[in-house]
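Input: structures, listed below.
The two complexes that follow have chain A in common; it is paired with chain B in the first and with chain C in the second.
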Partner chain A sequence: MAYTPQYGPGQSVVAENRRKQMNPNVKLEKMRNVTDEDIVLILGHRAPGQAYPTAHPPLAEQGEPDCPIRKIVTPTDGAKAGDRVRYIQFADSVYNAPSQPYQRTYTEMYRYRGIDPGTLSGRQIIECRERDLEKISADLINTNLFDPARVGIRGATVHGHSLRLAEDGMMFDMLQRCILEGGTVKYVKDQIGTPLDKKVDVGKPMDDAWLKANTTMFHSLVGTAYRSDAEYIEYIQRIHSLRTKYGFMPVE
Partner chain B sequence: MTEAEFPQCRIVTERLLKPETVEKILNKLAVIPGIRRIVINGPSIPQKVPYGPARGLDNPHSGRATIRVGETDVDLRVQVGTLLLELETRDIVSQIEEACKEVFTNFSYSVKEGRFMRSTPTQVDYAKFGPDANEIMLGLVDPKNKTGPTLIQGHK
Partner chain C sequence: MAKIERAQKLFLKALKNKFEGDVAETKTEFYKFGGLNQSARKKEFMEASKKVELRRGISMYDPNRCHLGGLPMGQRQLMTYEVSGTGTFVEGDDLHFVNNPAMQQMWDDIRRTIIVNMDLAHSTLQKRLGKEITPETINEYLHILNHAMPGGAVVQEHMVETHPSVVDDCYVKVFTGDSELADQLEKQFVLDVNKLFPAKQAEQLNEAVGKSLWQAIHIPTIVSRTCDGGTTSRWSAMQIGMSFITAYRMCAGEAAVADLSFAAKHAGVIQMASHLPARRARGPNEPGGIMFGHFSDMIQANRKYPNDPAKASLEVVGAGCMLFDQIWLGSYMSGGVGFTQYATAAYTDNILDEYTYYGMDYIKDKYKVDWKACSPADKVKPTQEIVNDIAGEVTLNAMEQYEQFPTLMEDHFGGSQRAGVIAAASGLSTAIATANSNAGLNGWYLSMLMHKEGWSRLGFFGYDLQDQCGSTNSLSVRPEEGCIGEYRGPNYPNYAMNVGHQGEYAAIVGSSHYTRNDGFCLSPMIKITFADPSLPFDFAEPRKEFAKGAIREFVACGERTLLMPAR
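Now for the complex of A and B:
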């Protein structure tokens, strides 16, 4: 019998959004159009138009050893060309940001190849070959996984995901990489805090109703309360119970 | 040590404040007679990038502004989210609430009475200020920071 993954439990809108993001058969909704050049500027790893620096010669030139695994796994474009490994890191506000670190990692592992995500409480980093990274970043920024105000692209000094929002609705950023100007959010620094020569427009912040309907985070004050999802509670209690009993008698 | 009999109160806003709003509320508070000390609190905004590959670069930030309170310039080093006040008498709490109501119109806030400032010197205070520290300085500024508190001309 073919296995159909369920992706996660829950009956609430948050649970449904989590499943939608994780399921690779559901197309991510395109929300904005940040150009490839602008994404290169925000990432700050190379100048736009510059050739990709390499970490090793292209695989075709370097002579691969005879290895059955290498025959099964097709290398990604970046690996094939010998690109450096580079990163993008996101901080997601607890106030109904569309995604959050664990969710991002699950989503990316289901959807992309050749990546190394790192999950922390307030930030999530994804490392991969540079040209693959730019494609993945474009997906992560241009779709419903991103909100210009509640999600920050922050390579270092990420503090702010759990703080109160600023008066204009922006998440606190001690380096103020992006500013709200004329109703749209503009990046004035790249992800590590180096000033950019031009402002990079990443579009309008989404309104509260959209965020509440599209978030993958439970929040009892501004969003959907965790306790309102009975199935999720049941699931987490079962996991907790099994983990606690494990080693003694792991049966249900 | 700060005398325990001075009442204190804490203003917490739902949003982190812009420098203009901080200026507004502080100017409202500065004209209320009977506030001894004010501490403004919030996440720090550093002058230079503190971590990462860009460490040491200048950090231009609109929150790190100079505001004018009464006749005095105050350099903000944090994005303000909490104000701690030490009062001479509890009677002026209603005036403080009134000031908050006038300034914080777009979001909620809370004004609580209690004890929020340090009343005994910590080890760092002792190391910096010595045994005869000025009591009024305790809990008012970061003892590791070279800049002291700002004095605002009062009514007395």
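Now for the complex of A and C:
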């Protein structure tokens, strides 16, 4: 019998949002249209139009060893071309940002190939071949996984996820890589903090009602209380109990 | 699990002092605070650096140029911190151990301590050499030893010696469970268990020590700083040997001296910490080898506050985070300044205190544990269901406090800070309710899983990797798989690079004993040794001592200024 992933427990809207983000059969909702060129500018790894720097020759040219794993795994476009491995990193506010660090990692692992996510409390990074990264970044920025005000694209000096919001609703960013101007959020620095020659508009911040309905983090003040999802808590306690008992006496 | 009412929020005073405006508001202002200039300490650093640069001609502290290529800290409000349980507000910088002599002295006092049994030596002197041992001879020996231990010569006629003012923190006392013998020894040399400890604790300690006689030795701070923890037993053994030779008129070269040396260096020695494997390459008496049970014995708050196991445990958290996070992992194993930000979260602003006392209210309300009575009688059986219930409720409450008070979340702005604090409160509450250290550790790991799933974030991977797999080893006691909490330590495999955990683990272990009013957790000898009021650092009040160090009121030992030109 084929395994059907359930993508986690819970009866709350938060739990349901988590399942929807993770499930690759659910199409991510397109929310904005940041161009490919603008995404390249925010990433800051190469100039728009510049050829992709390579870490090795294209696979077709360098000659692959006779390896059964290579026969099973189809290389991504970036791997085929020999692209460098580069990154995009997000900081997600605790105030109802649509995705959150572990949720991002789970979602990306279900939806994309050839990626290496890293998950921390205030940020989540994904590394992969550069041309693959640009495609994935377009998804991550243009869909319902992103909010211009509560999600930051930050390579370093990422703190802000846990801080109060600024009066205009923006998440704190020490480097002020993006600003709210004329009702939309504009990136004035790339993700590592280098000033951009032109501002990159990533759209209008979503309103509080949308954020509350679409977030994947429990929050008793501004969102859905964790305590209210009894099934979720019961499930975690069950996992913990089973792990404990097996560690104590593996025969049980 | 069900939330209980608790009107008192111990952290509110600190939040109101730290942040402008309503501490429960979700919005504020940034980028207007003047960067570093909002901090008196940072300004002091910049001034001091200018003087250093003028003197030595090499550039130094220059945050306005060097931090993020010209963007200084302080784009948001730079916070002060209240050292929990003290009412003293300090700057974060004052809690880095380099800036805090009390912190240094706490570690110095542990590293320079060794406990040596006297019965083996007495047996050698009596049975092998036919010498008479009496209280008078022991007193004379202790006089000689207190001359020799700091660096006084006792046998040779032409010797270098140390300056007493530089080694004035070095001395030896003794203790025994035999009150008749203790009464016959000079008071200046005796750690009087009956006077230092509450009656029930003293009774247990006296019974455990029995008629044996032990020396609590503290070699000079300056010696252990110049050398290392492995020096302590060697320095003390040399001076013990010479003192026996003098006190009992032995031949300096006779074979029996070897027996005394063996007893003082190996057979009768209790090190504060065991040596570490080659990969970590430290001798005995270095932080990585301290077992959590021993550390809980070093900290003395349960002696001073026998009816408040929560406070006693919180003092262990503070001391343990300082030693294991800031000094051991933060400097011995890593380096730099980052670890202080982690560690201080657990002993500042009364946040962990509030979460832990919520747990106390909960176990009293639901399980009728009279936690202030500290009796084994009303403890709860540590079933998985009960552990899940207590740790689960304490975790949910703590998460809700961070949510309800956005400034609290901003105070603990890193996930690892929050994770350690929430899990510590959960583990302490569970251990205090059950008097079982492993049940407490199990509560810690449930807390971590619940935290991670609730907020979809935890610490960083180097921090929380162990927490995500920890449930499984929390009740394992077979070799190579686990241990009871008392015998775990910073070098236990799953904890070995686990910043932000070890002080809390030690406290969980200690709390399971403090809640029973036990005289000791793992070693009665260590418990008695650190009860000594002559020690420069007061092990009953580590957080107060750290606060004193932060506001520059603590006087440390091992100073060299006497030997240098005045500046």
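In the analysis below, the second predicted complex is superposed on the first by the 245 of 252 C-alpha atoms of A that agree within 3 Å, B and C clash if a C-alpha of one lies under 4 Å from a C-alpha of the other, contacts with A are read in each partner's own complex, and residues count from 1 in each chain.
The rule is short, and it goes like this: a contact is a pair of C-beta atoms (placed from the backbone, for glycine too) under 8 Å apart; a residue touches a chain by one contact, two chains touch by 3 or more.
If you're wondering where the values come from, they're calculated on a predicted model, not measured in any experiment.
Asks: Evaluate whether chain B and chain C can sit on chain A together after superposition, giving fit or clash.
Replies: Once chain A is superposed (C-alpha atoms), there is a clash between chain B and chain C.
Asks: Who does A:V200 touch here: chain B (first), chain C (second), both, or neither?
Replies: neither
Asks: Considering only touches as defined above, state whether A:F172 meets chain B (first), chain C (second), both or neither.
Replies: both
Asks: One more residue to check, A:T244. First (chain B), second (chain C), both or neither?
Replies: Touch status of A:T244: second partner only.
Asks: Please indicate which partner A:I192 is in contact with in the superposed arrangement: first for chain B, second for chain C, both, or neither.
Replies: first
Asks: Is A:I136 touching anything from chain B or chain C once the two structures are fitted on A? First, second, both or neither.
Replies: Neither partner.
Asks: After superposition on the shared chain, which partner residues are touched by A:H159: those of chain B (first), chain C (second), both, or neither?
Replies: both
Asks: Specify the partner with more touching residues on chain A, choosing between chain B and chain C.
Replies: Here the partner covering more residues of chain A is C.
Asks: Touching A:Y226, do we find chain B (first), chain C (second), both, or neither?
Replies: After superposition on chain A, A:Y226 lies in contact with chain C alone.
Asks: Now for A:V34: first (chain B), second (chain C), both, or neither, which partner does it touch?
Replies: Once the two structures are laid over each other on A, A:V34 reaches no partner at all.
Asks: Using the superposition described at the top, list the residues of chain A that contact chain B and also contact chain C.
Replies: 157, 159, 163-167, 172, 174-176, 193
Asks: In the complex of these two chains, what residues of chain A are touching chain C?
Replies: 18, 94-95, 100-103, 118-122, 157, 159, 161-167, 169, 172, 174-176, 193, 216-222, 225-227, 232-233, 236-237, 239-241, 243-248
Asks: Would you mind writing out the residues of chain C in touch with chain A in their complex?
Replies: On the chain C side, the touching residues are 1, 3, 25-31, 68, 71, 75-76, 384, 388, 392, 396, 399-400, 403-404, 406-407, 409-410, 412-416, 418-419, 442, 445-446, 449-450, 452-461, 471-476, 481-482.
Asks: Looking at the complex, which residues from chain A come into contact with chain B?
Replies: Those residues of chain A that touch chain B are 155-157, 159-160, 163-168, 172, 174-176, 179, 192-195.
Asks: Taking the touch rule as given, give the residues of chain B at its contact with chain A in the complex, in rising order.
Replies: Those residues of chain B that touch chain A are 13-18, 21, 43-46, 49-54, 57, 59-63, 79, 81, 106-107.
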